[in-house]
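Common to both upcoming complexes is subunit A, partnered first by subunit B, then by subunit C.
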Partner chain A sequence: MVATTPGAPPVRRRRAPRDEGTVTVGRSRTGTVVANVIGVIFSVLMLFPVYWVLNTAFKPADEVLALTPTFWPKHPTFANFTSAFNAPLFLQDMLNGLIVTLLAVAGALVVGFLAALAIARFNFYGRKAIILVVLGVQLVPFLALLIPLFLMLQTASLTNSLIGVSITYLVLILPYTVWTLRGFISGIPRELDEAALIDGCTRAQVFWRIILPLTGPGLVATSVYGFIQAWNEFIIINTLNSPAKQNLMAWLLQNQTTRGTAWGPLMAGAIITSIPVVVFFLIIQRNIATGLTAGAVKG
Partner chain B sequence: MRHGKYPFIIGFLVVPVALYATFVVAAYLQTFQLSLTSWSGLGKIDYIGFDNFVKLWHDETFWKSIKHNLFLLILLPIITIVIALVFAFLLNVGGGHRGGQSRGVWGSKIYRIIFFFPQLLALAIVAVIFGRVFGPDKSGMLNGLFPASWKPWLFLADERYAMACILIVLIWQAVGFYVVLFSAGMGSISDDIYEAAALDGATRVTLFFRITVPLLWSTIQVAWVYLGIAAFDAFALVNIMSVDRGGPNGATSVLSLMIYRNAFDFSQAGYACALGVVLFFLTLTFAALTLRVTRRDSVEA
Partner chain C sequence: MSVVESPATRRTGGSTPHRAPGHAHRPRRRGRQSAATPWLLAIPTLILLAGLLGYPLIRMIVLSFQNMRLRELLSGRTPPWVGFDNYTKVLGDSVFWTVVGRTVLFTVVCVIVSVLIGLGIALLMRRVARGVRLLMIVAMMFVWALPQLVAAQIFRWITDSDFGVLNYLIDKLPGVNYQNHSWFVNPWQGWSVITTLVVWAGIPFLAITLNAGLTQVPKELIEAATVDGATPWQVLRNITLPILKPLITIVTTLSVIWDFGLFTQNWALRDGHPEPQFQTLATYSYTQAFGQSRYSLGSAISVITVLLMLGVMAFYIRQMFKIGEVD
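Now for the complex of A and B:
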């Protein structure tokens, strides 16, 4: 707000600017170098384990267990990947994971969208209580629920079934879905609803024709998040189901214990297992901040 | 216009409410009920009053687990939040200003992806990876990087450092999410503020402590709650990574692990439920204490 004539040199510039319009923050060059060095070192720390997985997955067995590990596979091979694919139950568990995840995400989107509509567009008795419950459910430790959950699903003959796990995952990702979609719906001006109502739309048509399309980005963000959660889950599926009805996470763990030192195929399996999630992430990477934090950040 | 809204409300909410009534509320009530029994997990259910709670009061593993949960509860949020804040700051405003827009350091887009990457990996995979990182012989990653003359470090097999190893993995996994969370928060801080301060000669450090941290305070508190809850859980990592599941010698036992093992390995479902009740109240107390300060922001945002 300081009155400066356009083109006049800004106040207190430390040295001749390199770029037009640059105000260098703080102690300039040295600081920038230090900041970048810290960034690079930390990135290496963050990435190194992931790099090691890739490194191991492409190594033949004798190189994996070599006493002096190398940073690069000397004889890169796809053998670990084929051996993972041919391992018992690998494809079966992959399919299971996909079914369970898609069912849970689809269910959570439908149920969550309607619930978010109710919370965002109507004032009613008990609305605050429902919001509190939605938030509160994310806080309570889920592990303490495993025993009753097991009993309930057993009574309903839904243990060792993909349906039982899907419903449980739906319940797990629903609070986030409701909360995030509520944020997106609140962002749509009510004037649009009213205009449509005046033009003769019914309330249901307003929801279907106006709000649903405008919530599109929110639906994408929440479904990706839900996909990651459900795809990566293994405690519940491991407890409720037998190996033939589990997912790839549970498969990995099973194989870690039974085939102790077969690190190559295990790491190859881990890579295959991570691919869907990484692909999704790269697709929505630009919007990840809005998508994943919409429920947490005010606004 | 008001008439006819209740059919919608009831129709929209009946499914989620029913789901939560069954899967959360009824399930918790059952946990409470079973905590008063000596049930093994199969067969007859005998009520024994508060015996389970007396038993856990005298259970050495229980107190060890509480200690480990507290260790995580204090260190996990502090370290993660500090690292995430510093990096979010570097990514967003660390690089100075250009054309009235604050810039991140060079390559900040790449950093953002790199930091977020661990968040995408399933805990199962993370645990398997770090099992290799902390491998207690020369084929382990860290031991392989150490000079050949060193005796291999035991890491997770060493009672003294096992819990610290778990903490490092939890931080490694969590940091990325909070960098993104704080970046989103920082994006909403007006550039004018930074610019004005920069023109007045504020250094990066001053900008960070005098502008960024105070303006992000409510987001930091939300992060604190999330991380605290993660610290109360920590089941997946401990279960997979630790030696003997919770070992060596109980050095990595946490409450959630005790619940799981009692319920599904030791056939002491009643006792497990009692532990579940304790965990429930500990988590809620923590969340309530922290949320008290942020109530306005988190409920009616």
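Now for the complex of A and C:
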């Protein structure tokens, strides 16, 4: 990727169109072309499995099980999707998954943000101990806790309930949430806080007017990841709940075992299962990598 | 409500004589705060972690010194105490040590490959044209959005021995016969598929997070260095990477945690019944506990896994503390 030869004079060119934060000095044209080609190849490789699942899902059964796979469905059909949608418990499990995931993410974000704030912005006795706890619990393989967790939730009458799974998922994504948000909050210069305090803001106002807005991209990125984690989970919900109280992922798993290798309906079910996450993702995608703090101190 | 101005509030707010009443309760002084505030902020998190991670963890340790089978689970009776029996059984088992070695090797390879590619892609994203960057982001967003289980099933379908497209494509190479080739007979090949799957699925998080970190690198620094004659490699080594280091450490740590706990991918690719050569510590413990109803033995394996993890991660936790001090 080192495209410019050492010591080569920076290529003069017309003022590049305004591009947020991109450095244009010292970049050769051939280097840019090579980079673009690599970028396109990378994208194609990444997308191939996604393309292939779509390709398969719209094929009729005989085309799916063809010895010479076709790269486009010759007779596109929705049959695989209708059979997945009409399957028992599909819609129920879809709703369950959404409820459980949203509860967990919202809870983790609120609870985790407060803890992240404490770690990132306050110097207090016990701060290191909290960091150690937050880091340490991430090492615990959550699946290992399944047996004691099951016994505990059963005592509290929270097995076979969406609440029990929501709380479990909340705790599952909480350490990551705290730690990542801590990083984002630390990224906000303390000078901003201090300037606001000098200008007469209360600590609460500093939180609402400076830290919260500037952590926006971090909150989005963190919640997206939390959503993915909770939506993806199937082992815990499969162990704690009966099929009527499970999510789509667990449904997909059971569907897979009963149908064996019925690839068409399986891929269709997989697409439907992925749609909520993909849609959610694409809506908020533009917020993820915006560096809001860039230039905040200069201004 | 009458506001009696203390000297401290007068010092911070003295320049604004007519303040709104709501502003009365301001901090006594800039830079100092109540000692209880951070604890109040952290307490909900601590309660949740203690209740749903700490307590089960203790129960798990207790369980590993008992002999809990299906009968005790159903009847609710206290399982008999067996001391270190479960541990001697596990630690004396060569199968267990093979699983440990395999999990460690997989983790090392996977983390190195995915972090390097993730960093490379993040840097590449700064270099390409706007349209290409958008394409890359869209591609990665789709991959990132895909649930692990779905991704694993797609890979299972692509590598299917009879109708998989991978065999079809490789078979087209001159002189290669890959018809009906099974990818999971040879464990090295099987693990290549699993590694590819995990790296492929891990790149979006790594690349996009690191790219977000790259936007924090002051472009004036890079421009100044470039004007002064620094090569792109020097800029990367001496400016970009040092600034990015805390973030790289964090994502590497997370990658280690996730990859060491590999479960979904090898479990799903082997259709819920991983053969011995495709077991990792997570699936091994799970199979012992839930497949064979040896709950205590599974717990003992989990305890050992946690201890191993602590050993592996001690270095990283120290790194984290170093960063915390720099902050």
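We adopt the following convention: the second predicted complex is superposed on the first by the 210 of 299 C-alpha atoms of A that agree within 3 Å, B and C clash if a C-alpha of one lies under 4 Å from a C-alpha of the other, contacts with A are read in each partner's own complex, and residues count from 1 in each chain.
In the analysis below, a contact is a pair of C-beta atoms (placed from the backbone, for glycine too) under 8 Å apart; a residue touches a chain by one contact, two chains touch by 3 or more.
It should be emphasised that the depicted structure is a prediction, and the values quoted were computed from it without experimental measurement.
Contacts of A:252 after superposition: both subunit B and subunit C are touched.
After overlaying the two complexes on the shared chain, residue contacts for A:277 are found with subunit B and with subunit C alike. Looking at the shared chain after the overlay, A:148 reaches both subunit B and subunit C. Using the contact criterion defined above for the overlaid structures, shared-chain residue A:239 touches subunit B and also reaches subunit C. Shared-chain residue A:157: touches no atom of subunit B or subunit C.
In the overlay built on the shared chain, the residue A:36 is in contact with subunit B and with subunit C. When the two structures are aligned on the shared chain, A:133 is found in touch with subunit B and with subunit C.
In the superposed pair of complexes, A:82 makes contact with neither subunit B nor subunit C. Residue contacts after overlaying the shared chain place A:114 against subunit B and subunit C alike. When the two complexes are superposed on chain A, the residues of subunit A that touch both subunit B and subunit C are 1-2, 10, 19, 21-23, 25-27, 31-32, 35-36, 38-39, 42-43, 46-47, 49-50, 52-53, 56, 64-69, 111-112, 114-115, 117-118, 122, 124, 128, 130-133, 135, 137-141, 143-149, 151-152, 167-168, 170-171, 174, 178, 183, 197, 203, 228, 231-232, 234-235, 239, 249, 252-253, 256, 263, 266-267, 270, 273-274, 277-278, 281, 285, 288-290, 293.
For subunit A in complex with subunit B, the residues that touch the partner chain are 1-2, 10-12, 19, 21-28, 31-32, 35-36, 38-39, 42-43, 45-50, 52-53, 56, 64-69, 111-112, 114-115, 117-118, 122, 124, 128, 130-133, 135, 137-149, 151-152, 167-168, 170-171, 174, 178, 183, 197, 203-204, 228, 231-235, 239, 249-250, 252-253, 256, 263, 266-267, 270, 273-274, 277-278, 281, 285, 288-290, 292-293, 296-299.
For subunit C in complex with subunit A, the residues that touch the partner chain are 12-13, 15-16, 19, 23, 25-27, 30-31, 33, 35, 37-39, 41-42, 44-46, 48-49, 52-57, 59-60, 63, 68, 120-121, 123-130, 132-133, 135-151, 153-155, 157-158, 160, 162-163, 165, 168, 200, 203-205, 208-209, 211-212, 215-216, 219, 222-223, 226-227, 229, 231-233, 246-247, 250, 254, 257, 261, 263-264, 271-272, 281-282, 285-286, 289-290, 295, 298-299, 302-303, 305-306, 309-310, 313, 317, 320-321, 324, 327. On the side of subunit B, the complex with subunit A involves touching residues 1, 4-6, 8-9, 11-13, 15-17, 19-20, 22-24, 26-28, 30-31, 34, 41, 83, 86-87, 90, 93-100, 102, 105-107, 110-111, 113-118, 120-125, 128-133, 138-139, 141, 144, 148, 172, 175-177, 180-181, 183-185, 187-188, 192, 194-195, 198-207, 218-219, 222, 225-226, 229, 232-233, 235-236, 240, 256, 259-260, 263-264, 269, 272-273, 275-277, 279-280, 283-284, 287, 297-301.
By the touch criterion given at the top, residues 1-4, 6-7, 10, 19-23, 25-27, 31-32, 35-36, 38-40, 42-44, 46-47, 49-50, 52-53, 56, 64-69, 111-112, 114-115, 117-120, 122, 124-128, 130-141, 143-149, 151-152, 167-168, 170-171, 174-176, 178-180, 183, 186-187, 194, 197-198, 200, 202-203, 217, 221, 225, 228, 231-232, 234-235, 239, 249, 252-253, 256-257, 261, 263, 266-267, 270, 273-274, 277-278, 280-282, 285, 288-291, 293-294 of subunit A touch subunit C in their complex.
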